[in-house]
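As written, the chains take the letters A, B, C, D, E and F, and residue 1 is the first residue of each chain.
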């Protein structure tokens, strides 16, 4: 009968602890938010399912290829984590190729001032960076990986954490995506607090038509310029601009569709599931997690305020005033943050149509956080 | 002129034996069955072409990455076999992600009794398992890999053989797919033999409407429950339920379509071609092959009978009788076996519409064989 | 302040040389030709962008997986080059799977004489091969890699260079694609020079209808026959015929569409970008590059002449004359070369409709150059 | 894992297979109960998901695809009503 | 493989290239013969494939896509017959 | 890379972030100038790309797809003009 005991010993039931049980519930909450509340379903549903799978014991799904000898447990997620993220770190650049092929830079080109809002809104990164250092718990590389949450950009957070603090990759990525899903609750109070009713009612002239030549020249020159200044941002910036050039050139429709559909969807499935599988009980139930949760919120809040206040300051010097509500969209979290600016604007004054204007800082914020990540890597990375 | 001789020596003609020649014909028969007889074309066409390619000598296509040093022959299929199957074993779980995204559990949820038929029909696995042991030729792991043919599920057979008996992977997988293609010839005689005309005419009430909540709760709870009991089935069961949740949630249409189209089709092309390339002459022309052919047929037959007889036994206790013809669909071989139950039912009584009812055991059978595979791996695997 | 200096030292500006600057311009010229002149956009746009990225210093995108220890720079293109080309060489066969699924062999089957034009037009390969040897600069393997440019087939050139002369892979591939893009300028003058007006006006009867059985038997028998004679051409020829059988069988529409869309587009994006990244300044600015440019042009010209002259010679023996203009399409460069034959024909005589006839040699030329590559590999390769 | 005797392995195999699927049978019944209960409380079938208030889709991409599909299906209704629409160029 | 003299290599290269393509030419002629013979026996062009008797496609998936495509092409016929259908919203 | 003091790192980080985006702002203005200049010379908006003289697409593949899409969109116009076309079988 010892085989029977052997078998019973090999079941998950005998090996599961309370921590894992709780984490499975956390995973199911993510699934509920994604499915029933429609909060960032493309991220939170696979992340939630990844959390559930990771906390079911003895599955062998998380075994990293390096540990095993000879035959490998079919550690599907261990393999994707190792080669996709911690060792080669090629999934975030591949996702940026697809996002670039979906991005329209016209709002930025028609209203270049908004680029500054994209920069200002990254200030949240450094507030959280200092907060993390202040706790005395985190070293410089870990503080950077926590700060980047304020960049409100999933792939950039994953890209940086994979290089500077792989053990924090799951936590920082999931917190970044969760706050992006909750940005509709975080930003509006701050937006109303820091702007006057009159400011919120400012109507902006419809953006000018942007020519095809401009939409081609911008990503090309931006790619060369940014990478010359911050070479370590190349894996993200280069792929983003390449995807954008595929789209704007109109000469390679099949490549554009492959990048923005097949490649993006397949990469999203495996990346998000794998991110979820990083949230094992012992990693999550630590004091650090609470700290990072708090610091992440601070980062988002300060980023939002940074964008709003900078927009108000710019208005002091501008003849044609901009509605400061578009400043909060500078954090990126594309396209939710831009929609929120638009929505709050319409609440104050139905005739304001801020969406195209808010997309400017929204997209600029993606470049902003990728550049900051490049700086962190060049100064703190193994480089 | 020695270069000329060198070259002539390097041609396939000089290196091909009668065995390879015969196997190329076998491959072409598979191609004929798939193309002219429309028998499981998605499996038999690429398998047949794989067999042809594998038996053309000196192509270098089968060189496994581990043997080579420095530059590798472009062993396309050697690479896919090594990383996709024998070493990492990630292709079967990826295929199950796609199959899950195509599966509708409503027949099972509306008529849970059919789950038992899915279990009963797996009995064929153990009959063939014992048959294999009885021959005295096969060890326990090999007997398990032969038995699983009775599970009538390609990816599960491949997943198990890759772990327990890699050298039998080609034979067991191809025999499983061939019998699934021939299920329209294997099952009907047994179905008419083991059921009375009256039983075959039993009409079943149309299945009740299943709510979206039920279709979401079932895969979620099933995933956690099954993996807790049989952790080694996780690579198949987890991916299957994740794919199903993508589909039923309706919240991630792009991920569902990527899983059920791009990922499934690309994985099918490379998996089936690679399976075919495992059928080299020296592997096939052995006594074992005949034994496995026989045992596989026994497995399918017993699985069919198991489902039919269990359905008849259930009828002894049921007020609302079920048409036992749906029992044979419990082997899985989705969706052919369900269609055969429906077709034979219509032959006996045109007013019976068994298809939705037969899909219940059909899908349950997939879970059944994946669970049995999990048990085999935990007891016999390197685990 | 030394961190500031550290950072400035890490910027690309401080590390970029004049050579890199010039190469970035070369890359942008490729982009311009692809986008504004619509010259082979699917190849030249990603190649051009790859060239730009490769010459931006310190990005870490080109780091090959073998050099690094522990954490790897996210050398996206270094990884694709290593595993896709120089080490496993699996990208060209995968591209040929897609091309086969897009190819229609009817023109060849309805007019088999055109197969000879496909052979004759490969003569350019050997002219350039001898030219390369004559310079005394190139060894035999390198001369073969330069000669194959005359095969006017991207994947075949890449497949051969990856095995025989990896350091020439970027140069030979980019030159092959550039001349294919410029074939509309290279071929017409030669076509008018080597054919009389009367010959150009020859009208050819519309090709006969080809049955499905013929379209199935041809790729099957061709695959077995060619690989038996030249096993080393199997990675290209086998995948090409497998893709074609998927298409012509009509039994696996989903696999055909996956091969000719998803797989082909995704492979094209990563292959072309990676090819571009091989053109670094120190590789390009050498005497060799000029030599290879010249030899490549000679190869294209001689291939075109070979096809034209052979067609004229065939006419001496043929009752039903063929329009020699279709001979130049034998180089392959599918489908541009066939369109040029058609266009020049229409210029001389509007009633000639050469397109279907020119597709014969055009497709035959693909087989021709793949076979020659197979011969080169078996005689010169590590095999 | 010591090489278990084939008999034990078969017993565990069949036992677990049936055990798991019986467990799933029970799960389905429980789910039916939960779903029935929830319907009673919320008074109607669990709606898809409350659409968050902010729902402006700037990207025309997905709309265009859905519109094309919907249009195509609508036209089938159209053709069924006018059978005389001969299909001249069946590609 | 000893380093063959370039001449031999060229000879083999061109020889094999022509040899293979001549072989394919012969293959095409043989195939034409086989196809002609089969047609004579079976009396008609080799039909697609005898549909196995069991052909009920429960999945609406592929039907839906084919129906949409067929409908779309049908509509082109429709538009050609009624040119007045101006295309207002060409996206 | 010596462990930089956090302050320096923040200064460089914010400085470079703003620096890069200001640089992009200037780039946009330059691009606007270039684009304006080119328009003045070529007299009209930079057309897509002179189509090379040889443009016959033998493959029906892409045409078929575009035709189906165009047809589907055309039909939406059709339906809007005849609202009575009820959608019976919304699958």
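What we mean here is this: a contact is a pair of C-beta atoms (placed from the backbone, for glycine too) under 8 Å apart; a residue touches a chain by one contact, two chains touch by 3 or more.
All of these numbers come straight from a predicted model, not from anything done at the bench.
Looking at A-F and B-E, the interface holding more C-beta pairs in contact is that of A-F. A repeat of the C-E interface exists among A-F, B-E or A-D; more than half of the contact pairs are identical by residue number at A-F. Counting the residue numbers used at the interface between subunit B and subunit C, under half appear in both copies, so the two copies meet with largely different residues. If you average the CA atoms of subunit B and of subunit F, the two centres end up 45 Å from each other. Subunit B and subunit D have CA centres that are 23 Å apart. As a whole-number value, the distance joining the C-alpha centres of subunit A and subunit C reads 40 Å. Counting partners per residue, subunit A has 3, 6-7, 10, 35, 38, 229-230, 251, 262, 375, 378-379, 383 as the residues that reach two or more other chains.
Within subunit D, residues 1, 4, 9, 12, 16, 49, 64, 68-69, 71-73, 75-76, 78, 91 each touch two or more of the remaining chains. Listing the residues of subunit B that touch subunit D in their complex gives 108-109, 112-113, 115-116, 118-119, 122-123, 125-126, 129-130, 133, 140, 143, 211-214, 217-218, 221-222, 225-226, 229-230, 250-251, 364, 367-368, 371-372, 375-376, 378-381, 383. Subunit A contributes residues 3, 6-7, 10-13, 15-16, 24, 28, 31, 34-35, 38, 41-42, 45-46, 49, 52-53, 56-61, 65, 70-76, 79, 261-262, 265-266, 268-269, 273 to its touches with subunit B in the complex. Within the complex formed with subunit D, the residues of subunit A that make contact are 1-4, 6-7, 10, 35-39, 102, 184, 335-336, 339-340, 342-343, 355-356, 359.
Of all residues in subunit E, only 1, 3-4, 6, 9-10, 12-14, 16-25, 27-29, 31-32, 34-35, 38-39, 45-46, 48-49 touch subunit C in the complex they form.
Residues 86-90, 92-94, 97, 159, 163, 216, 220, 223-224, 227-232, 234-235, 238-239, 242, 245-246, 249, 251-252, 254-255, 257-259, 262-263, 375, 378-379, 382-383 of subunit B touch subunit A in their complex.
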